[in-house]
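When the chains are written out, they are named A, B and C in that same order, and each has its own residue count from 1.
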Amino acid sequence: MTKKKPLAENQMLISILASVISIAVGLLFGFILLLILNPSKAGVGMSAMLTTGFGSLDKFGKVLYQAAPLMLCGLSVGFAFKTGLFNIGASGQYTMGAFFALIGAIVLHLPWWACLLLSCVGGGIWGIFPGLFKALFNVNEVITSIMFNWIGMFLVNLLLANTPIMLASAWGASNSDRTADLNVANPSAIIPKAGLDKLFGNSPWINISVFIAIAVAILMWFILQKTTFGYELKACGLNKEASRYAGINANRNIILSMIIAGALSGLGGGLYYLAGTIQYVLEKSVLGMGFDGIPVALLANSHPIGTIFSSLFISYIKVGGSAMQPNFSSETINIIIAVIIYLAAFALLMRGVIMKLLKKLAGKADKEVSA
Amino acid sequence: MTVLANIISLTVIFAVPLLLVALGGMYSEHSGVINLALEGIMVIGALCGCFLLRAFDQNGFGKAHPQVAMLLAILIAAAAGVAFSLLLAFAAINLKADQTIGGTALNIFAPAFAVVVTWAIQGQGQTTIQIPTWIKITQETFGFERTDGFFATLFFKYQYLTTPVAIILFIVAWLLMYKTKFGLRLRACGEHPQAADSVGINVYRMRYAGVMISGFLAGIGGLAYVIAVGSGFSSSVGGYGFLALAVMIFGNWKPFTILGSALIFALFKVIAAYNSSIPFLPKFEGLKDQSSLYQMLPYIVTMVVLVFTSKKSKAPKAEGIPYDKGSR
Amino acid sequence: MLHITKEFPGIKANDDITLQLKKGEIHALLGENGAGKSTLMSVLFGLYQAEQGEIRKNGKTVHIKDPNEANRLGIGMVHQHFKLVECFTVLDNIILGVEDTKRGFLQYDSARKKVMELSQKYGLRVDPDALISDISVGMQQRVEILKMLYRDNEILIFDEPTAVLTPQEIKELMAIMRGFKEEGKSILFITHKLQEIMAVADRCSVLRKGKYIGTVDIANTTREELSRMMVGREVAFDIQKKSPQVGDVVLSVKDLVVASKAHNNNAVKGVSFEVHAGEIVCISGIEGNGQTELVYGLTGLEPVKSGSITLCGKDITHASIRERSKDGMSHIPEDRHKYGLVLDYTLEQNMVLQRYWEPEFQNHGVIRSQAVRKYAQKLIDKFDVRSGQGPVTIARSMSGGNQQKAIIAREIDKNPQLLVAVQPTRGLDVGAIEYIHQQLIAERDAGRAVLLISLELDEVRSLSDRILVIYEGEIVGDFEKAEMEELGLYMAGAKRQGKEAAK
């Protein structure tokens, strides 16, 4: 048993420090890689990555726009983590959410908020499977999630191909490899900008989606922190045996938490594709946005409020990554993200090291407080 | 008949990467480490193999000795796979990290790394490494005239050196796993590491071996996938690593059933890619984009199989659990 | 002559223990749970390293760093929990680690021959091609024994070998052990069953609380003497308590059968008893005789195979854990880290673990954090639970005694009809033990039924109003007050009420 001084602030501090160190190591690794690849341009590339996001209002608008779906995917992964599940299926749920939202927008002609609700339903349906299979058949949720990522992608492709009205070609455009432009098909389904575009120098990206995402993050924080439901979910995740002892139905909680996680990812898909700026392209490989939810959640230590900041950070360097071209590929960002995830895989170890360092720094102040 | 030869030959060439990578997954899991990073390892293997082929193409060595060049590319792909898999082994075995999260990190790392390196070497925006055409095994490889018959199509239309290599590796993998003391000990580590430890087997070392063998096979599998697809390497192996994971589960962690399921999954892939030109398939009237349907099927079948077999699954019992010498 | 001397003073698990094993003898190692038997054997087998002391074989000092080294010295061990790979065949398990190969390939022929020879010679019937998962526990043990013989081990350690065997299998094992002795092999036999020692051992060394008590020749001793050595004569501090005011029946258990997870036999075999209001009933016995499963069955953590459980007149045999809790059952679990607490929750969150759903603590699903805080503070004050930051302390950072106090506070304050306390003082210091004992007696005096499951004889003796002795899943004795030695005999299965134990 550890007997370290467990100040709540201290725990928070350690989490934040661990994330900052992960980020720093990730960035350093990226920089070294750039130096090896092209020493003369490395400095320029790095500064492009780190400054573009604040460089112009337009870019900052894009940071906020991308942060919304990232935040929701991060919330989704983090929410599942809290219940002891690894939701690697955020991608499939995100795709399903996007599909449901677009059906609502283009086929059913619903307003934007109804489409967003539909996207939650779509993602939630896709979240049922990993939870249900785990609870009923004890199939590992990671395997189910991966399978359903692919099933989801192919299913959406199949359904879109067979619903001609969904495709851009039905609305006057020539291409049939993507969904209809919402500006043509149903402008009322586009998430309102509420005047933000004027504030952001007519940035085409900005709308209220980031505020919706933040509101959802606060809601998730409330559920996890303040409700009996959240209390039960966390108890299951932290100690399944003890939660059983307390009379909590673990299987029910596994399924419910995966449905909620799915709905969050689905909402992310809705927010991204209802902006009116991007059309869903029939994909050949699974969408990356769901996977980006993993570093967002890990950096935030699955804390909903922390997710707001970590998603903004990931979005920020992603926007910066695009600006690194043509000297370097924007994929450099994913290398940094991968390093961050890799470090998070042994987070406990790292936290232990940080804790020791903090103790050394604090020295005498940290007296043993156990009776 | 030619259609049949085409289908069989294509199925084989698409089954090769699935077989190799699934066997790799089998080795890793039998040692007790879940290798979710197969996809990433494939990408790294393919990247290195393709660059070597490109270099051989440019300096003329390839045209002069195509199959030697190909063999070297296979070896470099394998070596790269081993090196990359060490990252997983280190995290999973030494640091006792979460194996799924570690594997996910490597899966995100690999394609990004491949894109960045491809850019750096080939120049801006050149994201695809072209595969030279001389690597194909044709009748000319053996000094014969080219012909078009059934057997010619079967053996000399789509095949590469990776196919015979895969057959040899399959036999070796099976022998190693079931006929040698290494295999016996490896499986003991994945089933009951405490038992292995109590008879003096070094569990950490065996797990390293398991992960490295999976890297070896998945690295080759990555190259095999790229040349099977034939349109060059664009830093992706199209989810084949995950598909191989499904093949491994479907194959119940055993070599021969893995071979069978690799062929079945490959057949689905071939049907998905060429369904319009295969005459005897059911045609769904009015259904567009049937290939998506066929591509979806293997995953659905895997899920159904998982549901029915999970109660008596033959998955190694200790997989995914870090081994700690102290706890018994 | 074969001599092993093992001395290491200091750390509590084994405190300056010397053990000498002669060639060709069966040497029993006797002691209660936690006496240090297994630790000592693990040191000998190279699984642990001793801080002090040395091991000698044939007069020469040896250093056993790992099981390989032990094996090289001819020391083999049958572990209490078998170390067998379930999906391997018997033969594979035997050769694992010492495989024969020819040009890299496994060779089974000579191994099979040797195994069959050994099997015939010692009467160890096994099917070499059967899978471990398909064979009986008894045969699995024979495989473990063959593993040692296959390695030509001369010193054989048996760690509680009879715990999972049927009486017939035990008889066979005894015969096999005698056969080894005739062959000149030496056997270390860890057990706490007296009659087995009397039946098979030449000498017996006794450990108690990590200390070496003595070695006796079996020929010159009695069960009673061994029992006395094992249990000791130390008298615990006596607890002042009033005579019980026994009330109505609170818990009634009839013919309860609970399956075991460890083996195929039932762990609880038709147990019946009653607990009344205002009394402390103690279930006493040596670890692994079905206590854990009995508690799981009572509290709903494991399903009951047959029989019935009635709480205050209500049948709760198949009720959920939550329902049992509502009906007035409180449970202080054996493993406080696994079941009793969510260690990463704060103290206040843990204080309401069984009650968070009550209207007092939630309103339409929203936790009333003020009420929780107040309630936790109340319990902390009332039960003197000490922690760094009061209600917001993370449970993991608290000392074991205070964690246990928190659990007891939570379970007692529920006002239960029945309090099930499983080893409530395990691993705690004297002060905490005393406090917990007082609380249990206070509950009894308040008219509640208390069911105490304990391995500590001192605790059993000083707290209980009635003692039920459990042995191999059955209640073999029911006492108002009992002598320690008498209890020891029942616990070791040497005596039972009603019918005399089979010799």
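Definition applied: a contact is a pair of C-beta atoms (placed from the backbone, for glycine too) under 8 Å apart; a residue touches a chain by one contact, two chains touch by 3 or more.
Every value quoted in this text rests on a predicted model; they were computed, and no experiment measured them.
Engineer: What chains touch subunit B and also subunit C?
Structural biologist: The common neighbours are A.
Engineer: Looking at every pair of chains, which has the largest contact count?
Structural biologist: So the pair of chains linked by the most contacts is A-B.
Engineer: As a quick test, compute the distance in whole Å between the mean CA positions of subunit A and subunit C.
Structural biologist: Between these chains, centre-to-centre, one finds 47 Å.
Engineer: For subunit A versus subunit B, what separation do you get between their C-alpha means, in angstrom?
Structural biologist: 29
Engineer: Going by the contact rule set out above, which residues of subunit B touch subunit C in the complex?
Structural biologist: 175, 179-181, 184-185, 187-188, 191-192, 194-201, 314, 317, 328
Engineer: Which positions of subunit C touch subunit B when the two form their complex?
Structural biologist: Touching subunit B from subunit C are residues 47, 66-68, 71, 77, 79, 83-88, 92-93, 95-99, 101, 104-106, 147.
Engineer: Applying the document's contact rule, which stretches of subunit B touch subunit A when the two form their complex?
Structural biologist: Subunit B reaches subunit A through residues 36, 87, 91, 95-98, 100-102, 104-106, 108-109, 111-113, 115-120, 124-125, 127, 235-236, 238-239, 242-243, 245-246, 249, 287-289, 292-293, 295-296, 299-300, 302-303, 306-307, 310-311.
Engineer: Mind listing the subunit C positions that touch subunit A in their complex?
Structural biologist: 299, 301, 320-323, 325, 331, 333, 338-345, 349, 353-354, 356-357, 362, 365-367, 369, 386-389, 392-394, 396-402
Engineer: Show which residues of subunit A lie in contact with subunit C when the two form their complex.
Structural biologist: Touch residues, subunit A against subunit C: 1-8, 11, 226-229, 231, 234-235, 238-239, 241-247, 369-371.
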